[in-house]
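Letters are used for the chains, namely A, B and C, taken in the order the chains are written, and counting of residues starts over at 1 for each.
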Amino acid sequence: MQEKEKQLTPDQFETVGYTMEEANKIDRPTISYWQDAWRRLRKNPVAMAALVVLIVLVILVIVGPNLRGYDYVNMNVTEKNLGSSTKYWFGTDSLGRDLFSRVWVGARASILIALVATTLKLVVGTLYGSVMAHFGGWVDELLMRVIEVINSLPSLLVTILIMMVLGNNLFALFVALSITAWCNTARQTRGMIKQLKESEYVYAAEVLGASPLHIILKHYVPNMLSILLLDASTAIPAFIFTEAGLSFLGIGLTSPEISLGVLISQGQQTMDFYPSQLFYPCAVLCIIVMAFNLLGDGLRDALDPRLRK
Amino acid sequence: MKLKRRSVLGMMGAACLSAILAGCGGSDDSSSAAVSSAAQSGTDTQVLNIRTTAFGNNYDVQDMGWRWMMAACYSGLYRNVADDTGEHFVLDGAESVDVSDDGTVYTFHLQPNAKWSDGQPVTAHDYEYGWKRLVNPKYLYDYASFIFNVVGAEEYYNGTGTADGVMAVAVDDYTFQVTLKIADPTFEAKLVATPLYPTREDLAETAGDQWGKDWTLCVYNGPFCMSELVEDNKMVWTKNTNYWNADETHLETVNWYLVGEDSTAATMFDNGELDVLQTSGDYSRKYQSEAEAGQVQMITADYPGTVCLAFDHKNGGKSGLMGNLKIRKALSYSINREEMIDAVYGRYEPAYGFISPAITFDGKSYRSQVEEPMLADYNKYAGDYDALKSLFQEGLSELGMSTDLSSVTVTYLSYGSTVEESSFREYLQQTWQQNLGIQVELNTVGDYSLFTAERDAGNFDLFSAGWYSDYNDPLDYLNTFYTGLYVSVSGGYSNSEYDALIDSLAGENDNAKRLSIYTQCEQILFDDCATIPLYYSTKEYFLQNWVKDFRWSSFGASQEFYITYIEGRGF
Amino acid sequence: MTKYIIRRLVEMALTLFIIATATFFLLEAVPGDPLTQRADRLPEQSRAALYERYGLDRPVMERYLTQMNNMLHGDFGESFVYAGQTVSGLLKDRLPVSARLGIQQMLLGVSVGLLLGILAATHARSPIDYAVVGLSVLLISVPHLVFGLLLQKVFAGTLKWFPTIGWPTGKDLWLGGWKYTVLPTLTGCFSYIATYARLLKTSMLDVINQDYVLTAESKGLSRGAIVRRHILRNSFIPVMTQLPMSVAMCITGSFFIESIFSIPGIGQYYVTAVQNQDLSIVLGETVLLALLYIVVLFITDVLYVVVDPRISMPGTSSR
């Protein structure tokens, strides 16, 4: 190769043009905290599997009762206590009602109860916690004392009494379930906001002249949301259990309304003879709870900023 | 499989002396060693293990809070025992009875060798104290009205008389005399009830407020004594060697275990940890078939209880329809009782009348003498749901309402959460909706006090009701529909013709006339369709094959062990 | 320090007072009363007398003041439903039984749970981790009642290793009759295993990502030493926050276990008393449970200081 050819001259280069803006541009696209969380969640096969299972469950809960064409309350005593068959996938109960339809109607009620109770818990807890953190001082002290009192009351007592006062209906169940549950959320919220208020980056944002709205949206909400999401993912299965436990005491939904808890407590009474009547609702309950738990674990990993790559 | 009746008479003798000395067994070995006279094989211990689902926690016989325990540990003038030949009404604390010709004066000659477990004799004074205590206004016993027919009793209870005015008196230590206002053929039937048992004045007065609450303060004059109680766990009875008929009592110990779950009880029964079992639902079906195979013994007995649905007779119900006879009939006749019992309970007898077959009259079952009053009318409609629908519609048009059945909503009030209870109410809802085309709303509450609150607020058309008789006479059943007496059973039913018939029974001593009045009364109830009878209660006992001479009773202790023994268990 | 303790004591007394008041009025708000069932069977004039005898005919406020005054003197009154039963009798007979059941359940359940938690955290996202998660979900999804009955069927029915029902009383109350306690303890400990395994795992994973663990790793400390000295100690805070709730729960939560194994403890009794609206018993037990909770809370607050050097005594009043 010749020397000459190696020489570079300016005319061999062409200005493609650049601006200051382009110079400062970062090639890797900025992704928000949420996009990043979602990206990491997607990479977690277990969490994704849980998510898929949950979606399938939700679909089943909506359409499941109609799949087999049997009404969940229509009895047919000539076909009672049957095992699984192609006619009745999960068998029938003591009045000859299709268990497959009943399980999904029950699961629908259980999930609905858990979702509403969780929402109540989160809303009340967050508001209460924010008030405590915002005002501080004697308000904080007083409100904290209220939480302490509620926590020292046996929750079973409160739940039973509320159900007795308000009667056995859905509304009473929501109140009874969430009345003691919000305390924990309130405490967490209070701790979080207090910590954030003192943190350097909020201070920095304030100094830089960020508006309160900006601080709330960009700093408080994301931090709070991750906590609340985790709270919800543990609260939902917990509510499903509590409701199931109450069914065993004869408290909660009354016939002909059913939840998984009602089905399990009825199945338990005949488990020596027709174990399938206990097994199917229990299995569905396990799957729901398992899915929420695994998704919760995945969310925790995905939302933890310290794990961000 | 049925039990064979076995003679247990003539076993008095050698054991008498030691029995008098020993008193209540407890941990005292001498008593258990002394009495082993009966025909038992050498290796069997005379211990019976049995299940219960609740302890009563009330030891005051006048309160009758815990009938099955009291009737076995205490003893009154009579004892009511049933075997496969039927109910027997036998003398117990009384050796003989004289009744005056006009039927108003009863003179009881007491067993001279009857003793309390502390060795004191059972005297007529104990009976007198017990009876006067029952109507003492200070104590407000539920069953005080049982002896209002005794001269001076009602007056004392209402505060217008004195204790001395109550004509239930000890003539001497072993003669107890009762004077009635008017002759009452049902009086003797009440004598098996524990409120008329004797009570020891010295102990009851010393115990004061604690009487009946603390079992350690009690003494017993029945076949057994309570010797250990752990609430929610276990109760132990020991043979009372001071019982006047202790020689016929073979069991040394009866262990009562509180077992809440049928599943647990079945495990224990299969294991031999329980000798006698009462259970329900599928467990009952399981042991029924084992009994057919001879693996266990089974006893089925009528029990004087009828379960029914009560209408709101006062206000016509929440829907306002319950005042109409045709609608009431349509509701009642559209329930297929055989199917319902089989689907929901797996035991019991379908009911087409109100008075249970367990009630006897003149020594025979009342039901064997009087046909079930609802049966004929029911059979006219049975299974013909179109006819029942038009019957319902006729009722609606009589009330001047739209005959659109689907717009009718009937509310059923009930409580309880066991599978049987919830299956029943769901069955009822379905059966009415399917057969009559009406809407049925279930108003289900948590417990009895909430139930009464809803009932008194009128939030129902029908509610679950029933009657378990306290003494063996049809009158105890029929009284419940007497205006204003038992609204919780009758739903507020009122019929002056019916009341007049009941009133006419007072002082009526002719059994044939009584029977005819009873029949007329029950017929009125069903002509009026005053209630919806569902089933007659029964008792079902499963026994291990080594349990012999087990007895039961409808009006005394549910289970009677006073002659029971164990043979062939091997331990 | 003394000032802090006095302050806590005053707070405790106040909390107990509020709890007693709240319980009283909550029970009042429930329709019906403990005498309804009895009164329903009585004629009208006897009904009034019955209410008079139990003092239920007087106005609510008057009864409240009497009850509070009596409670101050340690007298909770007698059961309305079960004649002769008092709160002090209950404490004497039933509390020790429930206490032993609770202690055994918690000791077994919490220790197994913590072990599983450590196992899951140290093997995060491995099959072991998922096995632990699966196990704990299974253990809490299947109701106590079902577990208890299954254990009875297998170990008492088929294998005959243990008695089906019963509980040691009398002189065996605390140390004897172990064979009776095995099945109830097993049944009860499952929920603790599930709760604590999950709790410790979560909290350990939080700690593992902390900088000081990285520092310790870079210093070349062995895995075991890091887990023991740094991770475990710091992960115990949430576990200790949970403990007071568990202690209170182990008494009321034993309802089903006590009922299937015929254990004469206070759990069953409490639930029945609440359903019967048996005022004196409910009040007595509620105050007792609340006291238990508060005392355990106080002890854990003190223990925080031992476990976590960053927390100092006076600052513990609000967690």
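FYI, a contact is a pair of C-beta atoms (placed from the backbone, for glycine too) under 8 Å apart; a residue touches a chain by one contact, two chains touch by 3 or more.
What you see is a predicted model; the values in this text were computed from it and never measured.
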*Arrangement of touching chains [line / ring / star / complete / other]*: complete
*From chain B, which chain is the farthest off, judged by mean CA positions?*
A
*Whose C-alpha centre lies nearest the centre of all protein C-alpha atoms?*
C
*Averaged over CA atoms, how far is the centre of chain A from the centre of chain B? Could you give it in whole Å?*
53
*Between chain B and chain C, centroid-to-centroid distance (C-alpha), Å*: 40
*When the C-alpha atoms of chain A and chain C are each averaged to a single point, how far apart are the two points in Å?*
26
*asked:* I need the residues of chain B touching at least two other chains; which ones are they?
replied: 263, 446-447, 450
_Two-or-more-chain contact residues of chain A, please, as numbers and ranges._
164, 249, 265, 271-272
_Residues of chain C whose C-beta touches two or more other chains_ = 30-31, 145, 149, 153, 275, 277
*Where on chain B is chain A touching in the complex?*
262-263, 266, 281-283, 286, 339, 342-344, 416-419, 422-423, 425-427, 429-430, 434, 442, 444-447, 450
_List of chain C residues in touch with chain A within their complex_ = 11, 14-15, 18-19, 22-23, 26-27, 29-31, 125, 130, 133-134, 137-138, 140-143, 145-146, 149, 153, 198, 202, 205, 209, 245, 248, 252-253, 255-256, 270-271, 274-275, 277, 282, 286, 289-290, 293-294, 318-319
*Within the complex, which stretch of chain A touches chain C?*
46, 144-145, 148-149, 151-154, 156-158, 160-161, 164-165, 187, 241, 244-245, 248-249, 264-265, 268, 271-272, 278, 282, 285-286, 289-290, 293-294, 297, 300, 304, 306-307
_chain C residues within the chain B interface of the complex_ = 30-34, 36-38, 40-43, 46, 49-50, 53, 82-85, 93-94, 145, 149, 152-153, 156-157, 160, 163-167, 169, 258-260, 262-265, 268-269, 275-277
*Spell out the residues on chain B that touch chain C in their complex, using ranges where they run on.*
57-58, 65, 137, 140, 142, 145, 210, 212-214, 230-234, 257-261, 263-264, 267-268, 270-271, 273, 446-450, 452-453, 488
